[in-house]
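These are the structures in question, set out in turn.
The two complexes that follow have subunit A in common; it is paired with subunit B in the first and with subunit C in the second.
And now, the complex of A and B:
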């Protein structure tokens, strides 16, 4: 079997109650893990709540209201517009439903590309070593020194006309691979020397089989954890750029909403129903991702596992 | 041995600065917009210059700023200039020099960020250490959870919440700016008080999140340190808990925090960009944003170069200081 040691030890503790590998065993395992990690539960609730808000919300809220001039300007919350409207006549509730979706999508796309590219680069550096490693490490080190936000600001300022939120995700992905590359590299360096890899080599496994049967399964927990970190970082970058007015001009993302709030001096106008929803949704999103990652930390670092 | 290591570090530092500065030069060149045209079009909207005149003027200004030179020549000029810390004239607020623009903005940012960072580092580290020390106390567990949640929120979002409740609704603080519109900057008490009043909210929004960051890091290290043999030995010797906590626990656990602190200082200015924009604070963040929207290349170069040097220097600084704090590295 190719299960990682993390999974195996967990299965062993459950073995008293259920057959190893059976559905009941898996459910029990997940249940135990959740019970030991309240952070994970809270994080999941926050994130699933947001996803539900933006998917189920679509069924009840008219999305067309997320565009300017869909309603009267600067109306406080009412029966027709539960969260009121902004000075350009957008229905704030519709903006939130669409914006949460766009922002989450941007983060997931950029994070996914970043992890994919980053682990490929990190793998090459860590596994093959030598000159490839030295050059890659040097490039990553230099790129990590240079403030990412500045690169992103220049790139998105260049492309600003006609930028979509999908294009935004691609721009952010340009720099999202740096950290995963470094993490995967150091992980591979450790694993390359690990006993089970030596063992596989001695028993004559091919390089290909070592990579996919020995290293890849053990790398999974790290990849899941760095994926969440990458998504959070991508959302942070996209919302930051948008709040500077460098995002997609025609899409109601959460960051662009923050930008318009500052442009229209919403604080002086007292439009609280416009200010608070995007800020609160973003806070829920960031806290949810953070707690999810903290809750999964044990998975990536088995040494942290609490005794039960 | 030690000297050799330092020399190697300095060489790497120079390489990093060169590579980053080079990237920083070529990236904006890819932008399809000409800064001069950009600025003149902006002027034309208010003063009514015709399109023809703009073309002639662009030509003249390109020559004035050396933008008509071939790329390689501009690149070497650029390298020479930044090596001598001469960033030339700003294009958007000509004839002000870039150095003067940065000189005007840098103190605001540094003052705000250094004070806030040091204060939150001290508070966060102590709170985190104490939270690990009293891990079973319900109060400390609650404090840790709250700090953890705050550490996940970006500074500027906290800033927006603070502006809403304390400035817009409560009216206890100004909504934006570094000082009041009606006062004249000067070295007197009333102006200093005013600056302090204006910077409290930006500082608070940074502190709330970063205290959490420091506390979480310290708590993790302190938990590890508490399992060490020397801690058991110190307790067994009958030392006072206070002494064990500060001299044995905190002193050992704080080392990785110091590394993080230097990296944090390096990002002082970038981290402040959005907070400054949200609060309309007259620092580097606002200057950077302004120069980017006006495609003011010399100012962008200048700001970014200062940023890169700050980050690279603070990394070097840690490398030099670290052996002094941690004798194990000295060998």
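And now, the complex of A and C:
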């Protein structure tokens, strides 16, 4: 090709360039990218820190202390109970270690099911169009007008006895697929017209292989970003329901802790060591998810992407 | 006396590991009232140079040196509000894609007044109305359009509205960045005539950016050729076309196809035997979009037409027309992406609608395409190899991996690509020309009987156009592939094709051998098209004024038949 000397002097290398595809190249590339996208790093650190707190915490804290009557009632922080105890005699530190895990798990399960079901429905509607699309779009549109909280309150109130945090995740997943379904459908509508889809048709690919091999890989960054949003929404929904007392009565999730705090008038009694930890953990969780999502959005959305 | 004096302009782009010296010490002058062309291929630095004059270089780009004095003021030294005050009032810009440059939710009136108000002009209602009407009249638009929204205008009208906005404040310098590259030749001629008239009216300098030497010969006084961020040549238009000093300028000029020098390769015009086996047959086919019980008005994309392409005598059939003429609809029906509204398409005598699975498969393999956008044709998720290996795998063309690789390498070689250089890369790592040639290689490797090439070179640099088309032509002869070449560019159609169809509003208005249709057009519409081609010869006048549309709907004219292609005049 054109490699006259004028072209070569036109481009100067100012930093190390490892061979494309080599491990060193990947490390250098990722490192440079993260330096330009600090949101992604801070978000990841916050979330990984929280996961470490609940997994490593189990090794040092006796999680049996998360049940009522495990210790004396309403004790301020001490050497034995670093975060004190609540009026029912739970060790607040143990509650946080267990509760953070339960709440994250609820969000991830509900978000995952929602994205999986939603994108499957959206794929079918967007790619095949016609009557399948009309029926699916109509159902999704109608369901989107139903206030989720009303729906969730009724179901959890009916199931309240014997409800576990896993059951809670399933209830939230019942409505979590609507938005992903609609968003994936519109993404597919755009991608279906792409030149490479027509090229794949000309290359003899079947509809099935076009969906999974041509379109789906290009949708991945988008799906991952939607997944984070869905997890955040599911956690918000679960904490909301639990704070109303509609959660699992026998599991110390963060939302249930909030419910007990209100139930026992912790503010009037000045039990600050009981109030602060769940609030701080929820703040760290939501800020972490937000930053991670914003960072991934920048990675996935070419319009926001800073040039490399 | 000079209006603009650019000296040692240097602009760098920074990536995380490299500095790209996009513009390396460019110096030139523009006199008042002079029209200067800034010509070069993609990546030559022409747009970067122009944007720098308005300080519109975005990070990671940076102006690292030089001055640009406009009437003695250095445009590059302006800071803050002075930059804003200078834009539009002193230097105005006409962007490339008018369709994306106008605000879709504002009427034209507001968009024309927007800049004036922002520059502190106070106008009462009457004065504003008069000004808007004058601006629109100045670019040949009706003053009634002041109340129109952009979507109500055609592409050419939008581009003229952009010109109206740019010259509303009578700037000293107007920069037009490929203002007509998205328009067909007839509209291009009208828009350029408008731009030149407006420029002469207010007496400003004009910097016209582009890659089409033909257009520059017709529209400018002086041509500056840029290559790799350096000025290759700066010469008056009269000299550069007769005596180019730099090899690169000569190459750019030579790459513009002209009439009269056609390499005669066409077979003698023999009337095909009617009983000869047909490859593809359109039997009274038409296509209408929309309509129906709840639909909007139906749009007739393609009027009833019938033709037959014989199996022997492979040849290149050009389908020429403006946008909206139905040429792409025709191509998509040949590919089976659209089904005809009436009539029947037969492939090897078999109606397409009634094909069985295995016949469909054979048809898929034998009828291939090359599309306009060489970037969109590649899935960005995969390396470019996949575009070649996918059909090999799907059509069972190879059995072992080793032979797939060697077939891909052979195909690359056939179109003049170095397999080692392009295979294993991602699409964005290749140039437009490399990508498009890879698409030609892909089509070849499959070994089709028919190839639909929909504007295969419109997004490729001028110097590569004839190379790629030459590839197509050689492949036709070597592998006996019939090609349907869809284009709006009559000059390339003239050079590569054996038979030409001219489409206007879904009707075939003229058909015949290229020597007849393009050198001696008889239909008024074809004549308008041929007249609007900008020739790379400043002495051959382009002509002015709007084409006479009166005769465009005249009767169809068919002259001559080509061996193996039978067009049925009755439709």
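Criterion: the second predicted complex is superposed on the first by the 291 of 308 C-alpha atoms of A that agree within 3 Å, B and C clash if a C-alpha of one lies under 4 Å from a C-alpha of the other, contacts with A are read in each partner's own complex, and residues count from 1 in each chain.
The working rule: contacts are C-beta pairs under 8 Å (C-beta built on N, C-alpha and C of every residue); 3 or more make two chains touch, one makes a residue touch a chain.
Quick caveat, the model's predicted, so the values are computed rather than measured.
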Given the touch rule stated above, what does A:151 touch, subunit B (first), subunit C (second), both, or neither? first
After the superposition on A, what does A:199 contact: first (subunit B), second (subunit C), both or neither? second
So, A:294: does it touch subunit B (first), subunit C (second), both, or neither? first
Kindly classify A:218 by the partners it touches after superposition: subunit B alone (first), subunit C alone (second), both, or neither? second
Looking at A:32, would you say it contacts subunit B, subunit C, both, or neither? Reply first, second, both or neither. second
What does subunit B use to touch subunit A in their complex? 15-16, 19-20, 23-24, 27-28, 30-33, 148-149, 151-154, 156-157, 160-161, 163-164, 167-169, 175, 267, 269-270, 273-274, 277-278, 288-289, 292-293, 295, 300, 304, 307-308, 311-312, 315
Which residues of subunit C touch subunit A in the complex? 15-21, 24, 59-60, 227-230, 335, 337, 361, 364-365, 368-369, 371, 373, 375-382, 387, 390-391, 394-395, 418, 421, 446
Across the complex, what residues on subunit A touch subunit C? 1, 4, 6-7, 9-17, 32, 36, 194-196, 198-205, 214, 217-218, 307-308
Residue numbers of subunit A touching subunit B in their complex, please. 141-142, 145-147, 149-151, 153-155, 157-158, 236, 239-240, 243-245, 258, 261-262, 267-268, 270, 272, 275-276, 279, 282-283, 286-287, 289-291, 294
